[in-house]
Structures are given as C-alpha cells and as structure tokens.
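Below you'll find the structure, written out as structure tokens, and then a few comments.
Note that the chains take the letters A, B and C in the order they are written out, and that residue 1 is the start of every chain.
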Amino acid sequence: MIDTTAAILLSMIAAATPLVFAATGELVTEKSGVLNLGVEGMMLLGAVSGFATTVATGSPVLGVVAGALAGIGMSLLFAFLTLTMLANQVASGLALTLFGVGLSALIGQDFVGTPMDALPKLAIPVISDLPLIGPVLFGHDPLVYLSVALVGAVYWFLNHSRGGLVLRAVGENHHAAHAIGYHVIGIRYLAVMFGGAMSGIGGAYLSLAYTPMWIENMTAGRGWIALALVVFATWKPGWVLIGAYLFGGVTIAQLHIQGLGVDIPSQFLSMLPYLATILVLVMISRDSLRIRLNAPACIGKVFHPDS
Amino acid sequence: MIKKLLGTAAAAALAVGLMAGNATAQTKVGFIYVGPVGDHGWTYRHDQGRLAIEKEFGDKVKTTYVESVSEGADAERVIRKLAQEGHDLIFTTSFGFMNPTLKVAKQFPNVKFEHATGYKRDANVSTYAARFYEGRHVAGLLAGKVTKSNVVGYIASFPIPEVVRGINAFTMALRSVKPEAEVKVVWVNTWYDPGKESDAAKALIDQGADVISQHTDSPAPVQIAQERGVWAIGQASDMSKFAPKSHMTAILDIWDHYYIARVKAVMDGTWQSQDVWDGLDKGMLAMAPYNEALPADAVAMAEQAVADIKSGKLHPFTGPIKDQSGKVVVKAGERLDDKALLTMDWYVEGVQGKLPK
Amino acid sequence: MLLKLEPRGERSKVMIYATPFIAIALTLFFGAGLFALMGHAPQTALYTFFIKPVSDVYGMSELLVKATPLILCAVGLAIGFRANVWNIGAEGQLIAGAIAGGGMALLFHDSQGLWLLPLMIVTGIAGGMAWAAIPAFLKTRFNANEILTSLMLTYVATLLLSYLVNGPYRDPDGFNFPESRIFHDAATLPILFEGSRVSISAIIALFVVLAAWMLLSRSLIGFQIRVIGMTPSAGSFAGFSAKGIIWFTLLVSGGLAGLAGISEVAGPIGQLLPVISPGYGFTAIIVAFLGRLHPVGILFAGLLMALSYIGGEAVQIDMGMPLAVTGVFQGMLLFFLLSADVLIRYRIRRVAARPVTVKARAE
C-alpha cells in the first residue's frame, strides 16, 4: 500500500513538473497584464532545442539552458507583436503555437529516433531508502526540485519584493503605473520573456527528463493544460503547484484504476483529470471577491503610453 | 510589383506543370499520412516504405506525401488532389481514410488506390494490412518465458479490433508458456503521447508487471521499462537503442516490399484490385533482433514460432480458445477465420478488466 | 533616429481596408525569402500556396467547404469576445453538436422523412448550446472562469465521441471499426453545386454572418454586449444583467459551433468518426480576431485562413514541401496580418533618438 502510494506520488510529480514550469511562467506573464496563449508552441521549441543541444554537446545543463533560450526567443517574437506592434494578444498567442509546431518539426527533423539518457536522479543514501518519504521526496531529477523552488521564488517575488509590486501594478492598471513613471512596456517584455523561458524549460523537461526523446508534437496539449492551470490557480503560484499535482495525480490514478481492471470504459476514466479540475475550480471560485483581487485587471489589453 | 511577381510565378508554375505532363515515363505515387512523418511510429514506417520505392526505382518514380491529414473532411480533398495531379497510384495509410478513398476512386477510375487496414474495395481500390497479431504471438511467448511476477502490462491505444486482436494473440501465447500469467491492459486513448505512455508504463510496473508490451507509437514505454529494470517489447520500429537492456524485440512494420511490388505492378500494367493481409511469411512484419540477454531457450522458442507461422504450421488463433467467462469459443484444433479476427471485440481468458461494449 | 507609433485621432478609414493588403505584401516578400532559404523556388511556392488552389471551380468550392465551419464558429466566438466572455471551447461545442445531431441520423437511420434533416440541425445546435451551457452555468452560479471550463470540456467531448463511435454509435455492419453508419441521403445536407462538396451550410453561414452583423449593430442586446465589452462595470449601472449577457453569448457561440459540427458530419464527412474536426474550434479564435470581431471581417478572415490550410496541402503535393515549412509560413502570415492592424489606430513617426518615457512625461 505504501509502495503504491509512493509510486503514484512519484509518477504524479514527474507528470506535473512540465506543467508547473510552464504555468508558473505564464502566471508571471499574466500578472503583468499580458495573456500569451502560445505556451504550447514555446514548450515545443524548448523541447526540441533542449534535446538537440544535449545531443550535440552531451550536456543536459546546456540543454536546459538552450530550452530556456528557445522559449525566450519565441516569447520575444510574441512580445514584439503584441507590445511593440500592439497586435491582439489572444490571436497572436495562438498564431505563435501554430508557428512553434511547424518550426519545432523543422528543427527536429534529424533528431527523430535519436536516443538519449535521461537526466540522472538524485539519490541520497539512507534518506532515499526511507519508506514513502524517501522515494517521493528524494527520487527525482534536479529539475523537479527546481520547479518547486521556482514556485516559492515567484511567490516571494510577487508578494514580498518591490519588483513584484511593480509587476502587479503594471498588470492592474497600466495607465496609472505609467503615470507614476514605470516603463510598462519594458516590464511586460521582461515578464513575457520569463514566461517564455519557463515554458521552454517545461518543454525541455519533457524531452530531457520525462521522456528523453524528440518526436513531433510531443507536448501533446500540455501547453493548454498549463494555461488552464493559471486560471485554476486564480493567479496564485502556490495553487499552480496544487493544480498541476491534482491534474497529474488524477491522470496517474485513473491509469492505476484501469490496471486494476474496473468495468468502466477507459474514455470515461480518461475524462477524470479534466472533470476533477473543473470541480475543484468550482469549489474554490465561489469566493468571487478573492478571485477578482488576484486576476490582473489589464490582462489582454493593449497598452500605448499616449492613448 | 506584386502583380509582376505573381505573373512570373504563374508562368513558372505553368512551365513546371507542362514538364510534369510530358514526363509520362515517370510513375507518380502519392501517400496520405494521418500523423507527422516524425512520429517515429505508424506514419514514420509508411514513409520508410515510400523512401524504399524511391530507392528501388530511382528516376522512374516520383513520390509525394501529405502528412498530418485529419481523418475528417480534409481527407477527401487531399486524396482527390493527389488523383487530380496525375498520381498513378495512391496509398491512403489510415483506416479513417476508407470512405473518402472509395469516393474519390469512383471519380478517378484510371488511378489506382491502396487503402491500409480497411475492408471496402473496388475495381481500382485494393486493401492491405499486416497480420501484426503473428508478431504479438511471438512477443507473448517471450513474455511468458521471462515473467516472474506473472503480471504482464499492455499499453493500448483505442479499443478497435486491431488492438483487441493483438491483446488476445499476446495473452494466449503468454499463457501457453505460463498458464497462470495475466495481462493488465491500460488504455491511453491516444496513438502517441510519450508522456502519457510513460505514465501508463509506470502504473503497470507499479502494479506488478515485469514485462511491458505496447500498442502505441512512441519509445517512451521501453525507456521506462529499462529505467525500472523490466522487459519490454517495441512497436513499429526497432526501439532497442532507446532501451538496449530491456528491449526484448519489436514487432516491425515493413511496408517496403509491398509498396515496391505494387508500384512495379502499376509500371507493368498488371495492377489489380486485391485484398492483402500478409504476415511474417511475406515479410510485411518481422521481429527485431532478440536481446542477447534473453535466455537461449526463449529465443529458440520465438524463432521456432516464427518459422512455424511462416510455414503455416502454427496459427496464433487455434483452439481451444476461451473467452473471459471461461466459455470455449473455439474448439480444440479449430481456427478463427479472418472475418472473426477482423471484427474481434471480445477478450480471451487471461486478460484482466472488461472490454467496453 | 527611432520609429514611434503615434495614436491617430480616430480609426483610419483607409487603413481598415489597406492593412490586410500590406500584410499580404509583407508575407509574400518574407515568404519568398523563407521558401528560398528552404531550397524551394519562391515564386512557384507562393503561386502554389495562394493562387493554384483556387484557380479552378473545384478548388474554390473546397475553400468554401473548409471556411464554413471556421466562419460559423468564429462569428459566435466574436460575439462573446466582444462582451469579454472567453469561450475557448468551441471545439468541444462543435463535437457536442455533431454527437447530438449525428445521433438523430443514427437513431432514425431507417427513416427517409423530410423532417429528419431539420431535426438533426436543431439537435446539433442544441447539443452545442448544451455543452456551452455548462461553462455559462458554472460562471454565473459559481463564478468559475469560462476559459478553464470550456477548454477542459473540449477534452471531455473528444473522449465522449471516442466512446460513442467505439460503442453505441458504432456501425453494426462495420467490422467493429470505430465509425458510425454512413448517413443516408435524407440525413445529408443538400449540395449546392453538382460535383462539389459545398452544402447549404455555406449559405447558412452567410446568413449567420448577416444576422450577427444586424444583431451587433442594430439590436438592444448588441448594444449591451458592446457596452459590457468596453467597460465591464458599466452594465450594472445601465441596468442590464451581466449574467444574462454571459448566458446569451455562450449559448449563441455554442449553438453556432454545434451547427458547424452537425454541418460537418451531415455534410462533407457524412458519418461520425472518432475525429471530425482538425481543430476548427481553436482556429476559429484566430479567425475571430483576424476579422476584428466583426462578422463581415470574419467572413474574409475565414476564407483567408481556409486558403492557408489548403495552400499548405498544395505545396506539400506539388513541391514536396514538408508540413513543417507550411506551418512556419502560416504563422508568419498571421503575424503580419495581426500586427499590420496597428496602422488603423496608429501612424508610424520618426522621432529623435531619446528615451520615449521622458518625452511622454514632458507632454
């Protein structure tokens, strides 16, 4: 029983980690008042760049860095379109995903079918052998710990740092922030780039750690789930972690239920993660005031200093 | 400026078109794929077949493909365009292309069509499929030889007859070696999503499976098997480089010979509509090299089975076959006919869980 | 020297019509570069992408076939987007419409009655509406964000369709393959031109465009939608119900997506399959914004978007270009189209190279 629980938790954390990265990055982007729906495209670029770099250099660290840089590159394209050229954010984000699917396939052509070793997992003697706690807490690759640390750092940044205050102010009322003298566009550029970097790392996690390989479209819709998780989290970093683990946990649990041989069509079991997310969102959304306080008021709105 | 650009473009395209029209000696072969060429699975293998045609015939053929075509309304347009553009032979490589293929074939009686895995034919439409269940039988034998926990995991995509047939062939072979062994099936409801496939592999291993078999396209399950130190069987391609220690063998899709033969038939003018369901004997599927770490008797057993299937001595669906309730469905010595195999929607004894009806 | 965007006093009438052409010119220019870079003859590629697919009657008809579901979904979405109702689950509502309407065709498969097709269309619309009613209910009753609920329900609809065609909807004579019966003639939309696949759904889409235009510009609810869209809080002062608008826009967009769904399965597809849409509901979001949330704009945007897909198929067939290249090109086209719109509200000015913020504050 303990073994099973530990096993489910272990798989759950791996399944949730790419979502944690991408959703936390997108949360910061959205907090600055920008809605970037191109997460899927940025993740794909991160996945293929991370993989190609690691294969070429043999260094997974460089791979992760390349994933982040690729995500930043994509996000800069988006930022240029929406912040400099003032294009519509929703449509530009979707176009970015179309673009990313194509571009990643183009880059990845020669890497399909190339094998690679997964990132090594941390193993600490004695502690790693403890029942339940050992494997669940200490059986992961370094990126998993990084994702949790990231959530903590973003929480601290948004709520306890001056930079976070400025970022939130920009997302809340860009004209007011501009009037006080903040460089709205510059701050948003940084927030979008951070989102891109995290999506890129999320993608690289898939191609380097989770399933070390490159195949086209390997994100399989995880960018969309990450976007939904930001909404689910009501723009609070801690809840991103909860949401991603909930989604991952239900996904793994339904596979385990299938393995036990229950008499329910698998399609219905596969619906469970989506339904569970809706259900929990409904439960936590009833306090409407709290959500309104967290949702950035300027999200998706075009900003120009003179208008 | 733009007008001029387009004008010259039109002229250039016209010239290209005329050139293509003149080169009648060249046989044009078109392919429509349901997935991207880079899926490393089903579509990738068909594209390998396309490349084999190019290699075989060189300048005498020209091949074309359209990838990631949705099985909905898009398919008919793409197939029609291929026909319209002067392709002599068109391969439609997914079951969902069946009705569009037949519809277009009626409008282009001089174009030959080859539809994979379907059951509707016409004067200019052949169907072809591989008896992958023969490979599943061999894989099942190996699994029976190596399993210690007597629990074998099976990652399945969608509950269609092809997949159910594979599960049953695998399970029967497994239990012919280890009568008490059982097969756990997890449906992932996708043909390829490496993340989900690896999650399914982990869940099955966590539930005691020490062999993983898959009817999905990505190498993720064999990677997980290696990480967890259990055996696995690859799908479509040789996946051994993804898991050199765990990869027992793989059931390879090999369309090359068939595609070359059909193109040759078109060139010779001998092409006729047919219904092909070829197996190991014709080389439409094959077993990847067996892992060297496998026990010698296991490999010998697998090789013997391949030889017997090829010679016709062994048929994987030979009775007695019991369904899940223990009822004898096929009496000893009898064989399931192809119709029963094609429509299979029930589990044999030894598969855990119910097949949704 | 720097380039700076300077707001125009009002929207430029010229630019409203000129920007798409500017964008297309830019796409042709940079597209030529992209194709050349990939080793394909640029002029041939551009011709094959944009002109050849629609250079004959059949090509034109296929453009309509591809554009119709996009336009139907996008018009509905645009009505919601104008009121800040973010339904991004049109894909799921499309599938729900196909499930409900297609279910009627299967239920009455032995009937040839003239009533069957209208019944299918009505249930198709109702199916889409019902699927959109879930986010509407959760939003108005529990304050649950419709972005999440509508998106998640798309996955649920896809799985539900998969279950149905593998189970209750399966063709009893179909070798247990996951397909329904083929709909008979009485359950299939009439074709407009012999030899094409354009059904009356194209006419319906045109009618929907006009009706939505009237609704948004002339009706009271259209006015309310515009008011709420501009200032969310204004609605309650003006005395109309924000909840009512949420229900209305979600039901309309869901109904239209459902209509698109039933039109696909009772039209060019002619049966229910596990996959009935290549993501029309998602692409429609782009179409809605490309059309600037205006029904007539959406009509043109839908046609252009459809052309970009059909052109992508054409360059694969004619030039052996991989789908990846066409995807990149399509992304580029969209980037130019979306960013060129800036010229409607802003003009580009040269300014001296000094920090913009300082200048802004000095004003």
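The criterion applied here is as follows: a residue touches a chain if its C-beta (ideal position, glycine included) is under 8 Å from a C-beta of that chain, and two chains touch if they have at least 3 such contacts.
Keep in mind it's a predicted model, so treat the numbers as computed, not measured.
Student: Between A-C and A-B, flag the pair that has more C-beta pairs in contact.
Tutor: Higher contact count goes to A-C.
Student: Need the most distant chain from chain C, centre defined as the mean of C-alpha atoms.
Tutor: Centroid comparison gives B as the farthest chain from chain C.
Student: Taking each chain's centre as its mean C-alpha position, how far apart are chain A and chain B in Å?
Tutor: Inter-chain centre distance comes to 34 Å.
Student: State, to the nearest whole Å, the distance from the C-alpha centre of chain A to the C-alpha centre of chain C.
Tutor: 27
Student: Which parts of chain A, given as residue numbers and ranges, touch two or more other chains?
Tutor: 105, 109, 265, 267, 270
Student: Note the residues in chain B that touch 2 or more other chains, in rising order.
Tutor: Residues 36-37, 159, 189, 356 of chain B each touch two or more of the other chains.
Student: Please set out, as single numbers or ranges, the residues of chain C touching at least two other chains.
Tutor: Chain C, residues with two or more chain partners: 159, 162-163, 166-167, 322-323.
Student: Could you please specify the touching residues of chain A with respect to chain C in the complex?
Tutor: Going by the criterion above, the answer is residues 77, 81, 85-88, 90-92, 94-96, 98-103, 105-106, 109, 178, 181, 183, 221, 224, 227-228, 231-232, 265, 267-268, 270-271, 274-275, 277-278, 281-282, 285-286, 288, 291, 304-307.
Student: In the complex formed with chain A, which residues of chain C make contact?
Tutor: Residues 5-7, 81, 138, 142-145, 147-149, 151-153, 155-156, 159-160, 162-163, 166-167, 282, 285-286, 288-290, 322-332, 334-335, 338-339, 341-342, 345-346, 356-357, 360-361, 363.
Student: Can you name the residues of chain C that touch chain B in the complex?
Tutor: For this pair, the touching residues of chain C are 25, 28, 32, 41, 43-44, 46-48, 51-52, 58, 62, 65-66, 159, 162-163, 166-167, 175-179, 182, 197, 264, 267-271, 273-278, 309-310, 313-314, 316-318, 320, 322-323.
Student: Could you pull out which chain B residues touch chain A in their complex?
Tutor: 36-40, 44, 153, 159, 184-190, 192-200, 202-204, 206-207, 218-220, 223, 227, 237, 241-242, 352-354, 356
Student: What part of chain A is in contact with chain B in the complex they form?
Tutor: It comes out as residues 3-4, 7-8, 10-11, 15, 18, 105, 108-109, 112-113, 115, 118, 206, 210-213, 215-218, 220, 222, 251-252, 255-256, 258-267, 270.
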